[in-house]
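After this come two complexes, each holding chain A, first together with chain B and then together with chain C.
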Partner chain A sequence: MKSVKDIYLELSGIAIAVLLALACGFAVILATSSEPLTALSSLIIDPVTNPFNIGTVINKAVPLMLTGLALAVVFQAGVFSMGAEGQLYMGGFAGAIAGIYFDALPFWLHFVVIIGCAMAAGALYAAIAGLLKTYANANEIVTTLMLNFVAILTTSYFVNNVFKDPTSGGAARMAYLSPEVLLSKLIPGFSAHGGIVIALAAVVIVYLLLYKSPVGYELRLVGKNGKFATYGGISKNRVLLTSIMISGALAGLAGIVEILGIHGTFKENFSAGLGFDGIIIALLARNHPIGIVVASFFYAYIQVGAQTMQAGSDMPREVAVIIQVMLVLLVSAQGIFNFMKHNMRKKGGVV
Partner chain B sequence: MSVLLEMKNIHKVYPNGTAASRGVDLQIYEGEIHALVGENGAGKSTLMKMLFGLEMPTSGTILYKGEPIALSGPRDAIKYGLGMVHQHFMLVPSLTVSENIVLGEEPKQGPLSLFRDRGTEEKQIAQLMATYGLKVEPQAKVETIPVGQKQRVEILKVLYRGARIIILDEPTAVLTPQETDELFDSIKALVAEGYTIIFITHKLREVMEISDRVTVLKAGKTITTLMTKATNPEEISRLMVGREVLFRVNKRPAEPKDAVLSVKDLQAADDKGAPALRGVSLEIRAGEVLGIAGVEGNGQTELVETITGLRRSTGGQIRYLGEELAGRSAGRIRAMKVGHVPEDRQTAGASLTSTIAENLILDHYRNPAFRRGPFLNARKIKEFARTMMQIFDVRAAHEQVAAGSLSGGNLQKVVIARELSKNPKLLIVSQPTRGVDIGAIEFIHSEIIKRRDGGAAVMVVSAELSEVMALSDRIAVMYEGEIVAVLDNTEALTEEEIGRYMLGLGTKTEHPERKEQEAI
Partner chain C sequence: MWQSIWSQLVDMTLVVVLLRYMTPILLAALGGLISDIGGVLNIGLEGLMLISAFTSIAVGSASGHWLVGVAAGMTAAVLTCLGMGFFSIKLGVDIIIAGFAVNIFGSGITIFLMSKIFHVTGNYTPDQRTPIPTVNLPFLQDIPVLGKLLSGHSLMIWIALLAVLFCVALIYRTPYGVHLRAVGEAPSAAKSLGIPVNRIRYSALAWSGAFAGLAGAYLSMGMTSMFVKDMTAGTGFLALAVVLLGKRNPVGILIGSLIFGLASAITTIVQTTEGTAIPSQFVQMIPYLVTIGSLVVFEARKRKGAAVPATHTI
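== the complex of A and B ==
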């Protein structure tokens, strides 16, 4: 754990990065829009002015939170998995199949089975990259990125052929799941679905797992100093495999929650990069579960703001992409900055 | 001969309080081969780093032809014709030999040209190689050539940059005898051309063979400089291991009981696969300290790693309290009450970005006493860490401080606290006080002796001979992967005697099949 001063420094650093990224977005708006004030207000104010938009922010934050957690877990173990996207598809796919074929179960058990299948599928799919790393020393960045394609294209084949709903016409999707198992609206008239409860529960569980459990202790130790872990008798391979499978389970959960809350069934390309957004969330949050909650809401807020801006002014929603990209740039630059500061301190100590 | 380079009363104190140089004087004559000898930790490397501009002395002066100079980087060093051949080669493996030689100093086709002038380059390199007998295929990739040739590339690199004083840091450590002879021929050719050579080594045979003068360093100080012709290996080794008592430990005579660890004919390979342990046998009994003396790199590291399960043995036995340790994992061995303070606490012995508490519970986090349901018991951990910090006098604000922010001595206390907290029956301590401030040294030593008196079997490995002598009841000397002598640490035992074994000048073991013999 860090001293209060360090945490303060870290937080103010992230805050500066966020403000700078927003400033860049604003600058673009001011420079190109013919009605900059309208555009700005629809970007910043509109997402929080009506219950529907607030609900949309929450719904968008849910999968980001889950993929963010998925990546935080592997990153803390020092594994640079980029595979949340593929695991999310596999989880969503398996969950949707369970949703269609185990329809005879009582709905609560059916719901549990769906979630369980999704998480198991995500974990097992992640295990492929994990095993390749531990037994064949294959670079996890490469394998997970490649496995993303495998997952996306395989599921795409199946929803276009084997599991395609015959009534779906031109759309590549499975049959809709029974409404009983879908995540219902939390409050009638308010668009937020029950996924937020699952996501927040996952945050608490991951927090406890990482910081309060023996598994988390091992996982973080391997991430911080693998040599020390080996010396202490901790099997690095087992920890790496565990972390990547937990990560896969969380990504699978993200996939099925997105399906149960938004789409109603598995649709081709339903994620559009949630697994990659999770990387940004984890980076922004410095891999801390609490930070992930804040970062997901912020990120979702910008995305919804971009939509309301597009609807309410002459600015396209792509401005949000500028802000996101600037964030990634600044946040990773900050990582480099910290690294340099650390090095300078070391060097300065010697001279 | 005129004095080319002079170091006067050089002191170097690192910010953590370690004094690496404590008054070094060195005079290098033009055109001589000057050997620099000393034990590990005597300050040879620090001295050379200061000469090469990688470190600045805390006080003292460096004179070049009588003029004081400041060396703040390798570029300054080369300005005065100082070149260094590092012990660990600094070459780009995927580039060719000639590309490595000219790297950064490529001859250009014209003053503004961006292109290498390969013709000039090849001519210059061929000439250097021919003059000094440093033959290497210029177009071969460096990764494909043998070690001896890599070293030649290093030397050529230094020559190409116009160095006139060449520092060779333990150049023969990696060479075969044949390659060593060839290197010596090249050195002689260089000196004939007016080059000056500073030759760092701890092999006395080489000092006698090649050097004109020899300077002995001990504990950061220059002991003396001798004409090689007017001295002999015995005198040098006596000066090297010295008499100065750095460590004082109060201890009663040991009362050894049953054997705790008994190693028989142990064999293991180093990281490169070369044999590092060639049949080591030793025994440690409860209530005694066995010291392992030896010049670093003679298999001590591999011995410790093999016993603690961090390295696979390729033959032999490790019996510990009646059980075989060979083939068991490091975790299993740690759980069998084997404590291990590793030689490198920065990387293996501690996780610097973790908290002190997290470092301390390495052996306990699976223990039910430290659990609360499925979770770690935070209160219990805090209590435990605080107690440990108090007992072992770890000076930090609280147990949640990052271990990396501690001084060398305090960090070592954390490591030792952890290893002692499980009441080890066998305690293996490597370099217990390396880089540790004076204040902590005494404390660490007395903790080790306390464990011995409590009935633990203790093995101490240290590059500091005086430390081994202060702590041990018996001393085993390692040389080239073998134990060449096992000695009772009595009043009569001298550092000179151990020093002779350390340098491979004799053997004395308890093996009945080997006759006691003493050379020189």
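== the complex of A and C ==
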């Protein structure tokens, strides 16, 4: 059990890492921009100055929260899956098909069916990598990375051919779903859609699952000490499959929520790396559901800031990548945290 | 379609295309191999290749000489690897996470620099072209089939093949290679024998940067004469798969790269053939499916009891 002091140390360490990462980004802007102050202010201040941008930050945080949760679940089980991107495409694809073909259902049931199909498709697609690991011992990092490409290409084929909306012209997309099932705006005139409610509900459910249920206990135990868990009679393979399928379901949910909230239907290449952003979110949050909420909002804020900066100054939005990379590295730098702990103990006189 | 593949096989076009696709995979995979043997598996090959591809073409066209460009690309990749080493060896970042960060970094920084230096988005084609030269063998090039097979290849293809021999020598025939393997297999034992473990790890990462740098330079100055954003398009991940399949042996890496090169070559030929029945998306999937399939076969064979050294577990 972690003491309050340990948690406090961890949090302050993460805060320092975040500040350092931001400082690196600022340094790059100061060094390369001809109008650094404009660039900085459009990066930091613009995302929160008007309701539209705030709504965009919330909307961007929604899929990040869900993919972040998806990866936190597998990482806690000690499985290094990088397959959220592919599972997200499969989930979005299955959900969109359900949206088009089960149109006759009452809208609330239709909505439930869409979400259910998306989560099931994500979970089943993730199960492929899980089964390859349990039966053939195939390294999950490689299989999930490869399955991402397979999922993107498969859905690309279907959305360009079989399920292509005849009226879409050059765009590769399916027919738009009926507006009834789409996630409506929370407050009229404010751009945030209802996905945030789903994402926060998912955070609570995953928290309860991980920390208050036997499934979550087994999962974390295997992640912390696989040998001990096996000795205690827990089947490692079952935990691996469970965790990767829960993760896939969450990634599929992320895909369909993004479609119902933003795009209106399945479009080719609609995600652009949300599954990989989820890895960063999970790392930042130390795989904890509450941390994922904070990390997602922060990350979304930086992303929107990068866009407003690109629009309002001479800096390309890729500057945000420098901040992201430094965040990943600094937050996972055990050295910094150990150094801080060491210093604190010295001060406290306890060794 | 089969007819077209067959005719291209007969007139050696398939082999030529295969060698072109194999080269970046082979070079990057050799880099990944050395890092894996040293116990610091570098999954950032994709990002490193992008960094080198951009640096080498930018410096190459500015200086007017391809060799300067290649050297600059390799330097940039090696420096990135040393930075990766700093974070992972000095600050305790998991090597997989550090590699993941390098992949994001490589994609972002090249787009950023392309926009800042050349004011273009998407792709950059220099006015002054400085391609890596091709090697034309006198006399041999006039022989019908053999000429096409052996002559007229980019110099980098030969460098890649020689690099396999170089790696065999480096890993199995030098004191450095012994140290490298010792550090990878039992770091604490190596340390007790006085081997500078961390310095060896840094050097293993630097080697992976140097080879990924060569691979990247070939992408922008050999295969094409331009830089396109994210032009690696998964080559680094294929190389990573080759590393895991290659039984930690340079010759295994060569065989793996040949298989993936063949898959990519068939993909290109099928895509460019008129009236193909198979949709391009499914053809593009071949290398990825081959990777998964060969991983499964390899693991199945391993479990049959063949003596294979302990592999890296993550």
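One rule holds in what follows: the second predicted complex is superposed on the first by the 332 of 351 C-alpha atoms of A that agree within 3 Å, B and C clash if a C-alpha of one lies under 4 Å from a C-alpha of the other, contacts with A are read in each partner's own complex, and residues count from 1 in each chain.
The criterion applied here is as follows: contacts are C-beta pairs under 8 Å (C-beta built on N, C-alpha and C of every residue); 3 or more make two chains touch, one makes a residue touch a chain.
Small disclaimer: the values here were computed from a predicted structure and weren't measured.
On the superposed chain A, the positions of chain B and chain C stay apart, so the two partners fit side by side. Note on the composite model: angle chain B-chain A-chain C, taken at the C-alpha centres, equals 70°, rounded to the nearest 10.
Once the two structures are overlaid, the count of chain A residues touched is higher for C than for its counterpart among chain B and chain C. Once chain A of one complex is fitted onto chain A of the other, the partner contacts of A:162 are absent, as it touches neither chain B nor chain C.
Judged by the touch definition given at the top, the superposed model places A:319 against chain C, while chain B stays out of reach.
In the superposition on chain A, contact is made by A:147 with chain C only, not with chain B. Of the two partner chains placed around the shared chain by superposition, chain C is the only one that A:139 touches, whereas chain B remains out of contact. In the overlay built on the shared chain, the residue A:225 is in contact with chain B alone; chain C does not reach it.
Minimum C-alpha separation, chain B to chain C, in the superposed model: 5 Å. Judged by the document's definition of touching, no chain A residue lies at the interface with chain B and also at the interface with chain C. The touching residues of chain C, when paired with chain A in their complex, are 43, 87, 90-94, 96-98, 100-101, 104-105, 107-109, 111-112, 115-116, 121, 234, 237, 240-241, 244, 279, 281-282, 284-285, 288-289, 291-292, 295-296, 299-300, 303, 314.
Interface residues of chain A, counted against chain B in their complex, comprise 1-3, 208, 212-214, 217-218, 220-221, 224-225, 227-235, 349-351. By the touch criterion given at the top, residues 14-16, 55-56, 309-310, 329-335, 340, 342, 347-355, 358, 361-363, 365-366, 371, 374-376, 378, 400-402 of chain B touch chain A in their complex. Listed in rising order, the residues of chain A touching chain C in the complex are 32, 80, 132, 136-139, 141-143, 145-147, 149-150, 153-154, 156-157, 160-161, 276, 279-280, 283, 316, 318-322, 324-325, 328-329, 332-336, 338.
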